[in-house]
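Here come two complexes built around chain A, the first alongside chain B, the second alongside chain C.
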Partner chain A sequence: MAEETLLSDDFLRQLINVGEVDIVVGLSSHNDAKTIEPVVGAIQAGILKCFPRERVAIINADGGSQDGTTELVAKASIDDLWRESKVYALRTLHSISVRYARGPDPSKALQTILAAADLLRAKACVVISPESTSIEPDWLQRLVRPVYYDNFDLVCPIYNRQKFEGSLVRDLLYPMTRSIYGYRIREPYGSEFAISGRLASDFLGKGIGNEDWGKMGPEISITIMAVTAKYRVCQSFLGTKAPSSRGAHDVVGVMRRTAGALFSSLDSNFPVWSAISGSEDVRIFGTAKEVEPEGARINRKRLLEMFATGVAQLEPVLRSILSPSLLSELQRIAALGINEFDYPSELWAKTVYEFVGSYHKSIISRDHIIQALVPLYRGRSLTFLTENRNGSAENIQRREESLCADFERLKPYLLEVWADRK
Partner chain B sequence: MREIIVNELTQAFQQMARDIAHYLPRLIVMLIITLIGWVIAYLLKIVVRSFLRLTKFSKLSENAGATQLLHQAALPSSTELVSRFVFWVAWVGFVLLGVNVLGIAGLQDYISRFFLFLPRMFVALVILFFGLVAASFFSRAALLAAVNANYRSPRILSVAVRILISIFALSMVFEVLGVAEETMLIAFASVVGATMLGLAIAFGLGGRDLARKFLEKKLVQHNKEEKEDELSPL
Partner chain C sequence: MSLKLEAGWYKNAIIYQVHVRSFFDANGDGIGDFAGLAQRLDYVQELGVNAIWLMPFFPSPLRDDGYDIADYYSVHPSYGTLDDFKSFLSIAHDRGIRVIIEMVLNHTSDQHPWFQQSRSSQDNPKRDWYVWSETDSKYRGTRIIFLDTEMSNWAWDPISKSHYWHRFFSHQPDLNYDNPAVREEMWRVMKFWLELGVDGFRLDAVPYLIEREGTNCENLPETHAIIRDLRKRIDQEFPGAMLLAEANQWPADLRPYFGDGDEFHMAFHFPLMPRMFMGLRLEDRKPITEILQQTPEIPPSCQWCLFLRNHDELTLEMVTDIERDYMYDIYAGDKAMRLNLGIRRRLAPLLDNDRRRIELMNGMLMSLPGTPIIYYGDEIGMGDNIYLGDRNGVRTPMQWSGGWNGGFSNADPERLYSPPILNPVYGYPAVNVLSQKRTSHSLLSWMQHILGIRRSSPVFGSGSIEFLYPANHRILAYVRKLGKETILIVNNLSSAAQSVELDLRRYKGNILIEMFGRNIFPRIGDLPYFLTMGPYQFYWFRLRQI
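Presenting the complex of A and B:
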């Protein structure tokens, strides 16, 4: 079994002392001392409120934090919560921190959590990001219930977002996952999600975490594996997601973990996705809440400048990735002013598909292909910002649907590019 | 007198006949070796060409930037060039082997030197190819990183990386070939030293004001950017 190689003797001993549990809550951390305390507090409150009778263990897989993150998790006491809420858990709440490596490795962290859940024979395993400062105690229930009571295998989150947040999810991950794998999962890359014990075992057993796409983006690879292996998938409204400070400053890293993993998954799953056309709804638990709009100061001129510079400077790279007609179209829109700028959804879908084709054929280094997509994504985000500057939530949703429809309609184009007929 | 001339001529003709009789079989052997060599070299060329096409060598060479260089120099494709190179090396090798059979003193030394030079030439070509591949890969990586970090002159950075790695690879090639080793070493050291010194002087003295303005601008921009929200991808 995977546990033998993933779990250290000391960690195994601690897990054996815990015995069997019903729910495992996993936290993958690395220098998260600033945010992890309230997150652990919310998790404990959620356990007290919603699962007082269940046997629960919090597993913190840490990638070599130097700021005392693990100590904070170990110190987090549930006694204060008991006094405040006057609700008592009927079982002991176990909290274990383990250092799986000296440096952060999201794939290994997730595998450690899943291996622990597998060993503890947990019915449900929920993974929470230590950066989710907007977490509420109810999130735990919203994620775990469908697995624990309704027999679902994967619960993906749906967040309430400000209209200018999650641009990569809106413009690329959601439409592409939907058109490729045929399921309307709004957040295929969720920093919070819950999975069943059998899906966790299967994920470890098939060694997905050791595949290229599993290593690149373990979170999205769980979603991909669940839909390709026909597990029962649903979605649950959680609440407002605090934007990740890391993601905004490391767009290339985010692109590698998400689009890179998604592109890479297409090689081994070709027989599955090539036979899918259209998409089907995925059951949603809960209802969306209205989001208080906040003013965002996004520098649109800077976005346009980064797009235009990217298209001009990366011309030799883009020439090897894209078809001549598509590249000349990009060069045309890169010359437009800020008020006329428009990166149409059909052109964006074709761009993504041609990138997928080049990635599949490894025209140049695969990592370079992913990096070359970043300036183009910025251009597409600029169009999204411009289109929805004064748009209502309904308008944004309509535009998202239209983009998804373009991705689905152009899927035969992807198959042609894939087969090298373009 | 007449008899002497006839005798000398007869002896000369006899000697020539003996020499021809002595060399003719060797000449025929040489011609046979050359002919067989041509056939083998031609077959080798076909095999190498097919192998390179099968392994998509032209793609690799395109990625390395070698195709572009060849195109600019009006040379055939990299696959064709390598297969032709193999043909000529093999055939010249057989020709020299044939010449060796003639037993001409002095030539044998050059022939053995040629055969000793072949492995070094092969190593030099391998170094040159991988040097070009590395130069292309790292210059592209530098270009992408600079573009995504929004640096002002990404192409200059990329070209600088390409030139530096190419010079390094070329100096290694010359060292392996044993051509102007010391000259190349001195030239390489001089170029790197002069560039560094030039940059230091230019930045420290010539561009003092520019450097100050640049840093000030950077800091001011930084403060301004902090007030703006970043686009949140996830």
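Presenting the complex of A and C:
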């Protein structure tokens, strides 16, 4: 049992005091003192506004913060001890922190939250990023309601994004998840999501902690597990997502936790995804809000430089990953000037699929394969930026749809590569 | 005979609230009476209470169950005579039971001769005994209490062609306490009953005695001055007699009614009661501890009166909107259960007839600081009839046995003042005194037991309270202390078993003696004191340093 090793005696004592709950709100923190207070405040407001009668506990899994993060979370409890409280609540609201490790480990943090939710018999467990300073109280309702009232098992977020934000999701994770698993989930790797008690329990028992892909990217692993095991999945519009400061420049790390987890999931799920063609819509709750456009400050030349340098410097690695014709095509476009540069969507889809094939075969270290994808992803991002610099929202949407269509159309190519590499 | 009135007797009292009409019918006319009540005082005594609070028994058209008094100096003929009352009083005192009677100061019936004279002409000497106006636009800042029936606090009188003021039903005109003659007359009324030997008054609707423009006409300084004057006269002429305030207000607004110990001796703690029900269903002590934390200190001679249910609806005036919505949804799913701003149900049906919850609520009633009041019939788990209109559904005949009319009356059933409860769950064949007396584990037997324990220690009535705040919010724990005696009370508000760790280090070295079974529990040490508790279980521990 995961909870036997996860839960310290002190944490268990705190959980006993919390008792059975309806909803667990989980946070995974590490030195988030600068942002966590307003986030917890918004969660608290959301609970009081939308779930005043439900039994709710805020559980913060902390990876060894040294900046007082855990104390700030504990302060957010609403109990009957005589102290200043700005809010009035029917019930006691427990807000507890547990240090699961001395350093941050997203997988272990999520495991801790889910184990707590499982023990407390929560009907819904919602995870919120402690960095989401743009959170509004209504986020809680938008995430929890579909689970709590409509029997969905997983609620993925949809954020209102600036047109050049979220390129990894848009260029890789969304089209690939969609073509592989057949569901149109816009944010398969959301930092906010909600899951049902049964999915949490199942995930805790089967997925996370036992497999590499779970360790590498627990959030996307939940999505994959939900769709492969036919849990009921939906999406909910949240609002504008504040850019994360943590790991913003660590593209390799993000790529490992997302694409790495996605690639890794394919091994065990081959019988499922290999039989899927096309994709289906996933129900969406709420409506998108208009996003005020902001001027994009992106250095296209720098992106091209990183792409070209990567293709050149990583040639020996890429040669082992990619087919000669594809590598040659990449080398050709790497030589283009900034105004002529074009990394077409079909070529990108084939690139990704050949990476998947090599990853499957582990022709070299899997981690090196993921790292080698990073400069190519930058090249694809450059093309997207160039194509959409002056594009309207509809044009961008059309191009995104076209990219996804290419990924779906080329899925037989993936199967071919998968078999060949085998 | 009069009982010796020791100062502060009310602090250690356990009060039984009863309506003469509903208790026992001795003359077979279908209506309870004083002779019947006197006959059943042995039951009241055996139950273990030591005071009775009687609802109004004065002559009245009974349009508000006697709260519309037409003569303050007599007894309603349906209930007997003044001599019957005196006889009842004497027997009660012989049994050590004090008698508190209702006194409706604020208003009379519109059938009272005073009002009839007052309305007869503008020159009548009694004209100023009531509050009259040519318009209905005065005192606009005053809320309407009976929202379901009244549109205004003013009513048009076609006889005197002017408006009269009424805070309750329009057939209950308010007396004018700005008139010294009214104040003097009402003192004469109280003196009359005190001279007969009653031990105290429950003064009805006291916040509303005085009206002033620009105010909400509640809790005004002039009202307090009137109370102080009455109290002073009582202390001088009838020392030991007790005044109990009915003022449905927030604790901070109630506090002035104790004055400096020179107004009321006791007042109902209205806001606590709904929060006990709320805490039980939320399985969270927060509503209870919060309201008690907000309850101000009162003078040492004063006392709160606690109750679970009474003759009125379970009032939800002193809760927030969100709390009221919750209470309605949880306790009054059927809209017929709702009346005014409250819920017209008895204790047992409110608690789904769950014996464990009934015991827990009574356990809290008996152990929180204050003088408890038990509403007649709740000690056997009587039900209600929400279809009887107004609050009559909680005022049905006492269920004495499974026989004719539940043992309440020998009259033809059709003649009873109210149909008894007949349904298979709460009806008198299933729930009655006789059958419960025969089993040692009946609710009645249990009530006798807990009242006996409550009476065994003055800590419950007069001791201080200190809340413990164990991290498990489903546990409501507190320590009551008086002198060298210390009692620890631990309540599990949850429907599931719970564990709890109590910080009892300051009582290190004491052993705990569970007061119901007298079993010894382990000695308190340095570590948190660990208890496991069954669903809705509660413990009363006496701490002993041995």
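Please note the rule applied: the second predicted complex is superposed on the first by the 403 of 422 C-alpha atoms of A that agree within 3 Å, B and C clash if a C-alpha of one lies under 4 Å from a C-alpha of the other, contacts with A are read in each partner's own complex, and residues count from 1 in each chain.
Here is the rule we use: a contact is a pair of C-beta atoms (placed from the backbone, for glycine too) under 8 Å apart; a residue touches a chain by one contact, two chains touch by 3 or more.
None of these values were measured; they are calculated from a predicted model.
Asks: Once the two complexes are aligned on chain A, which partner has more residues of chain A within touching range, chain B or chain C?
Replies: If we count touched residues of chain A for both partners, the winner is B.
Asks: Where does A:T92 make contact in the superposed view: on chain B (first), on chain C (second), on both, or on neither?
Replies: In the superposed model, A:T92 contacts chain C only, not chain B.
Asks: Would you check which partner chain A:R53 touches, where first means chain B only, second means chain C only, and both and neither mean what they say?
Replies: Second partner only.
Asks: Does chain B (first) or chain C (second) touch A:Q14, or do both, or does neither?
Replies: second
Asks: Is A:S381 touching anything from chain B or chain C once the two structures are fitted on A? First, second, both or neither.
Replies: first
Asks: One more residue to check, A:V252. First (chain B), second (chain C), both or neither?
Replies: Touch partner of A:V252: chain B, not chain C.
Asks: Touching A:Q313 in the superposition: chain B (first), chain C (second), both, neither?
Replies: A:Q313 contacts chain B only, not chain C.
Asks: Is A:S167 touching the first partner chain B, the second partner chain C, both, or neither of them?
Replies: After superposing on A, A:S167 lies in contact with chain B but is clear of chain C.
Asks: Go through the superposed model and pick first if A:A372 touches only chain B, second if only chain C, both, or neither.
Replies: First partner only.
Asks: From the superposed pair, tell me which chain A residues show up as contacts to chain B and also as contacts to chain C.
Replies: In chain A, nothing is touched by chain B and also by chain C.
Asks: Please give the residue numbers of chain B that touch chain A in the complex, ascending.
Replies: Interface residues on chain B, with respect to chain A: 59, 62-63, 137, 140-141, 143-148, 150, 154-155, 225, 227-234.
Asks: For the complex, which residues does chain A have touching chain C?
Replies: 13-14, 16-17, 19-20, 52-53, 79-82, 88-92, 94
Asks: If we count contacts the way the header does, which residues on chain A are in touch with chain B in the complex?
Replies: 164-169, 189, 191, 243-244, 247-249, 251-252, 254-255, 258, 296-299, 302-303, 305-306, 309-310, 313-314, 317, 320, 363-365, 368, 371-372, 374-375, 377-378, 381
Asks: Name, in rising order, each residue of chain C that touches chain A in their complex.
Replies: Listed in rising order, the residues of chain C that touch chain A are 278, 282-287, 289-290, 293, 320, 322-323, 326, 469-474, 494, 496, 498-499, 501.
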